[in-house]
């Protein structure tokens, strides 16, 4: 199997211990994470070669972030050094009826100030068979989006499989553009989409019809996915998770995948004692990418592997899914 | 809205970490709490002005206790300094089938040795619109009870709304008096009572009748509340929580309020992953006082706000409910 | 009541905090435990005199292990000092759908290199009324088994009650012998057996019949226990727990005891927020031994006490059950 | 004594524990500090009324910062809420031959984006007898400097004593202005200057003469101070510390004060086991301000109190000097 | 060698971590200590049999205290259970120029409410060859002093060697008696006295003469010791340490012993990086008692062993000296 | 600059926090280290490409060790997986007059059971310009020594520069061979030797003459180095540190290098507040290797860089020197 290259921002995560509130904490736990980096780390744990393209400041925080990725086996030789700061997000892990709370402090990060031409895509994509990105990068600003577009185009040009986690969070789109203005040309070059009906409507210019807005059923997923595939013929698989949030400590989780013809669906997992749900979606994404590399035609296995990986993630502190291939397979039995 | 003044003891709380037993702990977590202080802190978090009347030793423990209250916005300028020691309570947080364990070490505290005349009630009650006290103070000894009586009378004289959390714990009444000998004249000056059938029988001289003893139903609450209001005509609202303890990590919670005419009742909350249930009742009390200040006639809203606030408290380490008004309102939705 | 003597290995346990994975932990919690030591500590907490026979290295780890046992009241004056090392086991406490993970590093421990003649059984067994051992010792190697056999014989000779926790873990039997080759003569000298149908088949040479293999029902337990008692006439009670593992945080637990005539059975406990399940079986064993000493004929009470003690253990960090007699009795009410 | 008002930025300080390097730390200690806030906290500990004018984001970090100041008695009612973020500085506490390391991440803070007109100086300065500011605010940008100028002018207008800690750190002046372009008109309104020969040359437009550049002797301090006072006739006292850095754990410290006529000088303190030297200068400043309020004419006592306070600060974790008046006085004996 | 019995109070010690001030600490370290218990633990570490006579409350704190002593090998079977509480002392470990700070909260402890007749001295002193007590017990109140007197008399009656650490701290004598009223008859029964010129004057009724008051020289020690021995002919050795406090992190230490004929003196140890100096004196006492048991006539060796043991104590967290005989001997080389 | 390959064992290091004794610690800090790995990590921090040849068990401990090395940039692709266990060493960090204490538990490690033929030296040494080993590997047993010999020969064959840190610790040589029987043929292939007079006598068969035994002076170093170079003509530089141990917290350090013609000597560094001296020698070794790669002829600069790097190491927790090239150079100024 070839190398999976991811492009995206990595942030310092500062989280309170043992469910403390921010104002109680006189210590914060430090980890590093970001949607795409989480995918890369998880794939590395499944023995897939991975590399990340990103930009960190040339200071101790950037250095610590590199070391953290390197520890988990991600090739950091394509990380650019420069800019002012590493983005930060503060996390207060909730419990029971009190939800987790995130405070972002990521403006003006080294990643956000990347500009086109900075990345040597020839070198980056050498030996790559998969390129993964997410809508988070497109939300940050025009320049990162341009750099992202370079990457997607270069990967596309080389026939590399491209996956996109749409991951639309409207509160992060603050630079004047709407997702539907930015995402469609990038989505058009993708083979695999992680997204749901909402993402389709707001980031892929799909008009689900007045009566279907806000609907989330197996049927609506099939219908919407069909529309996406007709509009973006390169897309061959659309995958999503359905999360039920009973409370901050107890969620349910299942996954759907549409392969252009039929819907594949996992059973529903009940996760009753959540340790850390951040990155649960990225763990699923990594699981699905791994499955597609490993068992290309076996859609059932792919999403079941993905949802099993994601379930296990909820028991692990930090953004990234630190489980081995063996552990996911043992759990699936 | 005016200032809420509370009167009561504050203790140093020394609790084991991560469910350790006392004999395992080589570190104890330090927080400060007391029924009335917990109410004051919670109200401060809802942007109500609060002040506490209490007495701490003039040493580093008293100073740390003041700093802790001040941090959360409680006016500590009426705290007297003197006496021998800050009361302590040791807490071993249980889990599942092992209940939490409290060991009190509070005798001879600076609060317990307060004497009448020490408090300048004129200064304390200036600008106050609410005075809150609890039966815990009356349990400590004759002198604190006399000081408490001063406060209740002075508040009564000034037409300040008075609330009492009866909070009857018979194991704390060790100085030779029974609650029924001490509490009635104080209760008689109150507008709002936090208490249940048991409290009525043992601390308000209500004879619920031989057949009704030990009964806790909606009906018994209505009947008993009626009797209380007839005996204490100033009392206009009686409020209580009903807690179901499935195990130390899982409780249910609902609230009842009798307004003299009809019963108001919340739905039942299931709290499945308790972080710290100490102070859950105080969080409810604070929520109800806030509600009464904010939406005076809206009993449904008041107790629903109270029970929501209390639910959230169960997820927060320490005695006090560190949630904002916004957070309670978001949770209620 | 006389003294209970246990024989067995004690290991240093190094466990990750707060569900961290091994690769995340930069601190490990240190406790000391072993099946038989856990029984001794638990009995000490019930005010039974206990002593342990074991062997630790004459270094700081051995010393810390002695101090740990002594703290909980176990007489360590019969612990031999010598050999190379204290066995270690690494524990990663799982959560929810991720099971706990144990990595043993116990080869060549001071215990494993014990040889016959080292123990002064006369001195050890003076004043003893009960001798407890487990199949774990027999799994380690020929020499520890010979020392164990000495102990069992010497106890037998003196008419001391003997109990055995078969505790068959096939992955620990690595020195070329099968349990059925080693255990039968030792089991033959026992009065009380902690074991189930699997243990009977593989460690007591019981042929349950082709159709009954792998069956675990009340009936199969009665039948197998009957066969055991016919083969080993000294055995008067056979006891076991039945554990249902819903996930790593939620188990169910009940116990069965066959007294030669009839089956005694507890109700099923649901343990929904497990803190640490290691040693849950040892806590049961200790509870049953205590019950047999305290209420010899009362089988119902004995196993109910045992299962209550075991339930509480699941809420306590470390291998050993740190609850008092009073606490178990309060919980049983 | 009246109220001391300080104006300045407060940052979240994230420091590694126990001399760990940034890349080793998986926890960071959280405190809050800033030169002027440190002065205010220290004065509060000496029972002086203090208030701070600053601007924090309206999020949990801003709230925690307010709570932290309030805990130590600083009036935070003049803190404005708004803007994007709380400035951060990362601190790696050095040891011995490895110096401490600071990484600033403070651009675009809520303070840095303050604009003139935001502060209600009438309300702020009501009852104030002292206004303290530092050159750190002037280094941040034009807008904060304008707000600062408002404050200095308003204080000046009201005849409030004004002190300035020049605190010139050239690496912080990044917005295109030089200190000598900005500081002189502000210095001209001050009564007390904390600064040395370097500060005079670069921030007060004093030409010490070619031969005296870079000289730091008692004589050069007298000469330079004289020049400052001639140029800025309102300045009546110039104070500085002289620090000798043997290594990161061992410093020497003494202080000089020129009163317009003569030099006052403390003996040299040797601080051999530094716990945290950040804020040592602010502790001195607070001590001197306290001394000037308490013993106005007694220069010897003033700087000796200041240097004693500063010495003690070096033993205290965090930016602020948490010692009481009594403790400084006891130490001076 | 026979058993050493000590009599004295044991307190829970709650100390801040890493030089934090009380108001900063949200965790406190828990250990247990007391002058006489510290001696017993240290002697246990030198393989001497020890037992303690004391009184603890019958609650979890008392239980944890027993477990702590038992861990280090002290026989706790003579500890009485009863009374209200375990005494507490709070410790803030200073650094450099900031001294350590102790806040006592020990009134009404279980020990302080002991009464004569409670202790079964026959059983306690069976097999004892040494009895050790200190002036701390006599400072607590009349009843503990009476119990102490019982012990000293009973030991005296049986010809057991008796040592007393005078340990005069005038701030602890608060029940109306002066040391000189209480201590002399007890001192008269002692063989070994740990004390200096100050102790002699204030607790042994020695009039050192107007000119010698407050003098601490080798000569004054010889003279005073001679006077003590003439007044109390049973006393055969008087021992003391001389501590020089350069700062809280750096002390010097040496010891003097007068044997009735000549002075023995150790060289001066410089302890430059103190970890915890509490119990340094008790470590010396234990070392001297050990030396007297081991090398009865060898005064040089005795005090050198004592001072070496005490030096090492300064590097160990907690009250008690956790070093082995081997370690002290290695250090002496 | 090419790649530096090191060969050696890596152990899990379990150290007590804050100078606690082993018997006090209920947590142990986990890091990973070994003489040669420490050199590799340090070189990686100086931006040298490094790789390690070693053998770890195929379990979570081996995996965590790999991750730890990878974090700091060491290529772990040549680490073999297999064998039983990762060696462990326990470390109790001393203070002041109490030395640090190490307890090894490394027998039967995966490294110790390596056998010749396991390593693919062709692949390992591809692109390497330097090979570093130490006498620690030769102390473990015959098989590791044979594997080491393979490596040295293969490197020699390829003309790769070879350095050896003799690092003779006689207590580690337990398999029946003496260093002088094993080391000489390996030393003969080296270019650079880290060793002193003692090493020369006991591991390089140098007879320093009866009168010179145990002498450590500049002269003895020159003389012995000369003898070494005559016996082993390939050796071109001999380097050593001279450490003076004032106490466990305060050491002095200087270095000597003989280049065949003359002695180069650094000044003496006084390290007064040691955080962690383990790995101080390895930090020096790495510094010297770096210097030789960077400034080949500049011996003064080389050893001054080495000793500066080593000094800084003493301030860093863990075995490895986590300082950058820039930081060492800044410190040298």
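Letters A, B, C, D, E and F mark the chains in the order given here, with residues in each chain numbered from 1 onward.
Note that contacts are C-beta pairs under 8 Å (C-beta built on N, C-alpha and C of every residue); 3 or more make two chains touch, one makes a residue touch a chain.
Everything numeric in this text was worked out from a predicted model, so none of it was measured.
Chain A and chain D touch with mostly matching residues; of the residue numbers seen at this interface, over half occur in both copies. In summary, the interface at C-F recurs among the listed pairs A-D, D-F or B-D; the equivalent pair, sharing over half of its contacts by residue number, is A-D. Chain D and chain E have centres, each the mean of its CA atoms, that are 46 Å apart.
A separation of 43 Å divides the Cα centre of chain C from that of chain E.
Per-chain CA centroids place chain C at a distance of 64 Å from chain D.
Residues of chain E in contact with at least two other chains: 17-18, 21, 23, 26, 67, 273. By the touch criterion given at the top, residues 14, 17, 21-23, 25-31, 59-61, 63-64, 67, 84-85, 88, 90, 92, 101, 103, 105, 107-108 of chain E touch chain B in their complex.
Residues 67-68, 70-73 of chain D are the ones that touch chain B when the two sit in their complex. Interface residues of chain D facing chain E in the complex, by the touch rule stated above, are 17-18, 269, 271-275, 311-312, 314-318, 322-323, 327, 331.
Considering their complex, residues 18-21, 23-24, 94-98, 247-250, 273 of chain E touch chain D.
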